[in-house]
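Some structures are shown below for you to check.
In what comes next, chain A is part of two complexes: it sits with chain B in the first one and with chain C in the second one.
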Partner chain A sequence: MTVLTKPWIWSCVAAAVAYALILGLTSGRGAGELAYAALSFGAFAAIVGLGQMLVITLGPGNVDLSVPATMTLAATLALKAMGTDPGTAMLGLVIALFVGFGVGIANYALIYFLRLPPIIATLAASLVYQSLAIWSNRGLRIKPPSGLADFATGRFLGLPNVAWVGLFLAIVVWVVLERSVWGRWLLATGQNMRAARLAGVPVELVRALTYISVAVFSALTGYLLASFSGGAALNMGAEYLLMSIAVVVVGGSSIAGGNSNVPGVWGAALFMFLVVSMLNSYGAGAGVRNVLTGTIIIGIVIAASTRRVRA
Partner chain B sequence: MMISKMLLGAASVAMVAGLAQAESHMADTSGKRIALSNNYAGNSWRQAMLQTWEEVGGQAVADGVLAAADAYTTSENQATEQAAQIQNMILQGYDAIVMNAASPTALNGAVKEACDAGVTVVSFDGIVTEPCAWRIAVDFAAMGREEVDYLATRLPDGGNLLEIRGLAGVFVDDEISKGIHEGVAEHDQFEIVGSVHGDWAQDVAQKAVAGVLPSLPEIVGVVTQGGDGYGAAQAFKAAGRPTPLIVLGNRQDELQWWAEQRAANNYETLSLSIAPGVASLALWVAQQVLAGNEVPKDLTVPFLKITQDTLDESLASTPEGSVANVTYTLGDAKQVIADAQ
Partner chain C sequence: MTDHKSAPVVTLLDAAKHFGPVRALDGVSLAVKPGDCIGLVGHNGAGKSTLVNLINGGLSPSSGEIRFSDGTAALEAGVRSVFQELSLCPNLTVAENLRISHKALKGPGWRRPARVEILQSLDRIFPAHGIDPNAEVDTLSIAERQMVEIAIGFAPRGTAARLVILDEPTSSLDAGIADQLLAHIKRFCADGGAVVFISHMMGEVFEVANRIIVLKDGRIVAERATADFTRQGLVDAMGHVTAETADAEGIRQDLGPEIVRTDQGLSARKGEIVGLSGLAGHGQAAALARLYLSRSSSWRYGRTPDVAFVAGDRPRDGVLPLWSILRNISISALRQGARRGLVDRHAEADVAAQWKDRIGIRTDDVRNQILSLSGGNQQKVLFARALASPASVVIMDDPMRGVDVGTKQDVYAMIRAEAARGRTFLWYSTETEEVCQCDRVFVFRNHEISAELTGADITEENILAASFELQEAS
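Moving on to the complex of A and B:
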């Protein structure tokens, strides 16, 4: 199996091409600056994308549409609790993760006890989470503690700290998926839930843990993004709904489930940032930009999926 | 402190209301009920708008000027949902509907139904084109032109500008951008070398600017639409570029940043946007229509402008994380009506 047959290669190639095209325009100026920005902003998309990938792997109909609301709620509550006081970063992190955990349990409870399709359950629940975020702070933007803001915007060994967090989580998810029993259970559930159940896989436990994981990942992203951009805003998660799904699909994971792909998520996250930057740099208007972004995404998905059939 | 402030505010509103009743010999509106139809609540501007409505409307009810001033917000920011909401309001028997519309045209059918049922409709910020409704519009194009006019006074030699636009496909975005381009056509020492969409959100603007900066030459000024100036400043800082002259949009984090820059290096700029309190102006205009006063259908509301001289004052009166605001009184509404006549 050569490297070209790997479905994740296409998103990485596309990201590299977009990067090269921007540098072609600037004749190499700003190469480091651009790579740094791509890694910083790509990290947020990558972390929510990893969570969404786990849910999509569960099989047809599984998707978490409460990602933006979870990000907003976790960030709003965490930043409100920290209240810009120094030394409260850990408290904020714990609150954000706790919110994520609670949201995940609530989402899964709706799916399991009320037998709601996940799309409906998470969409309906997201209205509740968004309302809670509005109610708790009425959209006021509280600044993160300066130490936390410095961490979120800072760098270590030349790479953004948020990218290190994203890379670390990607490795954890990869190890869990490829090297642990739980990962095998998840893939088996996604390929055929009934067969997996008959084979003795605790299917409902796997689903519950997956919905909790995506919510915790979203909450962590919300916490980091709010710390990075100077506060939580009510609309901060808006663009991460489609983004989280797009990076999974562009990354080469199967939208039908049962087949996931960790490196592709990172490649796609970088690509999604670079393609917009590229079209902006070339001066494309909003209409042209959206059409071209859509066309390029379709192209990558086709390239990735036909390769897989042949392999 | 809080209570005394609130009492003071309540007292001033009561005084204005009292004055209004004294000077207005038109029909009494104490039995009239007004509803606010709002299409979106998911940002700090809309939250401030709803809060102003609550305060001013609640006070008007307490003072007996109106019987009810209820606010309703749709959850999905869609015209169909808001049309259904308006139909409900007609059935509930409201005398007037004040609305911030999801679309300038898609709600015309529902608005016409309301007019035919004898309900007064006043649209503001997001206005409707249906002729039977009143419109409290903001001259967004003039706001764009004013930004470039200001840059021309500060940077007579001109240079390269970066434009940060709002949400693609929205009327307001097109209007402000049109004004900016008209301004640049007039002051031809400027050239717009880059244009990105920041969706009126700091984090989106920061991301878009960070992505486009490496390909841009030296930038002397950034023209914005509000809610995006702080993000742009962060992106310039992260790229290690000198901070250009960024026109701001009245958000508290932008004003705070401006005050810090002013203290550090005498940074000077201009901030302008629409005050969320325009909802209170719309409330009083609706009240005037209900009172039987002659009110022209098209009214214009001025922008709230913050300059170097008024920065401290505005910063002090804006709650942390919110938007600079003004609450309009009945007197202001009468002034706006008189100006239009």
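Moving on to the complex of A and C:
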């Protein structure tokens, strides 16, 4: 069992290659700044990606498409409650997490009681969340309290604070999946829900907690991103719909469920940011950038799946 | 050359198959002639399935040679196989499933000849089978599916079947249907067909085979005419010492209070082994699944589960395919020894190692993937999962499918020992011999309990009578 057989290594290698290509173009200038930016922006993708990974682990058909709307709603309500007043950062955090908790319960209620496929349930519900966000502050941009903004853009031991948050959460998720009873139950449910149920796993409780987790992770990301970028915007979550799924897949987790991969999510989050930077520094326009990003994701998914078939 | 009629359908010369370091088959020479009915026996993991896959062309040998009389491919030579793992497409009808292996059926209106052909084959093997060729396969019971699969194996399909390999064909059939199949095999061989018959049920092998081959660890250890074997001799040749079953145990009187009772009338007392019997597909499995689901929850969990389940339909109800043997064993017992929600991995490894030895799972390392095991060994893992959990009631849904004779004896003993320690077992089986080991038996007919037998009343005759009574009256 060498390190090369671990599926997460590939996203990390890809991130390193993209990093090297950019530095080759700038002949080494700005290496530190580039790494810092990748860790800052990658942290947001990594946190939503960790949540999405838990849901995708539940098995085929399980995915949360309400991630962008949850981020927007949590950020909007939190910033509105804080109203740029100093010393309210904790209040805002609690509100954001509470919104995430409520969204998770609502999503799962739709899936469980109405027996809707998760894709439809979360997509439809996200329209409601987005409308609530619009209705609650009518598009006004409220600045975060300055202390919170300083935290979100600040650094500790040379690394961005948001990256520390992302790393901490990654370790928590890793411990839960690899070492805890609950993680075993989640992985068992994702492989074969009926067999897991007959082995004594409380599968519906596992599913409910997983949908709540992804919503809480999204809400936290929304809160941090709004603080980082100086206020909540209605389209702030838009790019995280594809991003949250892409980092899971590129990171080496199985789309068929029952198998997940925490370090790969971080590697893939850095890679996704660096690809965009690379195309920017090579002077590609927005259209070319999107086409190439899509092509790269498809290529990696194909490469990963053929490798697994041969193994 | 030799006369076409008597030339072997297939000849294996020192054929071997290795999967990495595993020697699944280690040099086997064998000729199957028309009219042969070969009984193939051996323990789980002895190489039976590998041998079958070499003959039918599913695998190619690592070394050695396989020759067919007509043409070079198994299909052209008229070699067919019927597997114990059901391989029909559940979303297609019975007739459409025939088409999958019958390339000559094409053009508009191909369903009509398909229906006629499958119906003829079913009628020939299983008179009065009652299967509609237009029925979708997933509406059929597991026994009916097995019947359809056997009928497809024997159907002409454009050419003619010359060698049919049957891998555990009767394990999900009840006694009456199994007898029809055995009678058909005898007719088929008398007409110049050849059959390779794999079964763990010794009585059937002795009844139908004219030659018996014993496989052990990938080699043929004995090959003789059936008349030259005795039952004990055959079991000894397989290399497993089985203790004579202690029939004269008498009825145990020291049973505890009643701890299971369902609306249907199913009941069990503490420490009792309760059997469920009757014809396959008459509601026994559904009753057990309902009982399990009603005594456990999708939402709540406790430190000690109340019930444990041993699945018979392994891919659907039991095996967690991405995991190791270790994790498959421990999943039901994780809450024991867990501290602050974290798994105690030392205790987990100890439990798995202990059960590997106790129940004899054939693997070097319990950290190997569960799918690296043969079917019977996967079944042992599911047994270990249920017995390793502290549940006081163990529900078993036909758990002995594909398990070899020696292991069955070990598991019977283990069940008796656990019952003596106060565990309750509910045990559905298609094999009357197993049901007769129980303290009390409920016979099912049309999804209802038609009889409750205890002690000396538990006999094959009584069970059969209770299974059929109503059908004669209606």
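Here is the rule we go by: the second predicted complex is superposed on the first by the 302 of 311 C-alpha atoms of A that agree within 3 Å, B and C clash if a C-alpha of one lies under 4 Å from a C-alpha of the other, contacts with A are read in each partner's own complex, and residues count from 1 in each chain.
Everything below uses one rule, namely that a contact is a pair of C-beta atoms (placed from the backbone, for glycine too) under 8 Å apart; a residue touches a chain by one contact, two chains touch by 3 or more.
For clarity, every value in this text was computed on a predicted model and none was experimentally measured.
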Superposition on chain A - do chain B and chain C clash or fit: fit
Touching partner for A:R179 - first (chain B), second (chain C), both, neither: second
Touched partner set for A:L225, first chain B, second chain C, both or neither: first
Chain B versus chain C as contact partner of A:A238, first or second or both or neither: first
Residue contacts with chain A in the superposition, chain B compared against chain C: B
Partner chain in contact with A:A199 - chain B first, chain C second, else both or neither: second
Partner chain(s) touched by A:S40 [first = chain B, second = chain C, both, neither]: first
First, second, both or neither for A:V276, with chain B first and chain C second: first
Minimum C-alpha separation between chain B and chain C after superposing on chain A, in Å: 36
On chain A, positions contacted by chain B and by chain C: none
Sites on chain C touched by chain A in the complex: 289, 292-293, 296-301, 305, 307-309, 311, 316-323, 327, 331-332, 334-335, 338, 341-343, 345, 385, 389, 391
Chain B contact footprint on chain A (complex, rising order): 22, 25-26, 29-31, 33-34, 37-38, 40-41, 127, 130, 134, 137-143, 153, 225, 228-231, 233-236, 238-239, 273-274, 276-277, 280-281, 283, 285-287, 290
Parts of chain B lying in touch with chain A, wherever the complex brings them together: 41-44, 46-48, 51, 75, 165, 168-169, 194-197, 199, 201-204, 206-208, 210-216, 230-231, 234, 238-240, 251-253, 319-322
Sites on chain A touched by chain C in the complex: 175, 179-182, 184-185, 187-188, 191-192, 194-205, 254, 258-259
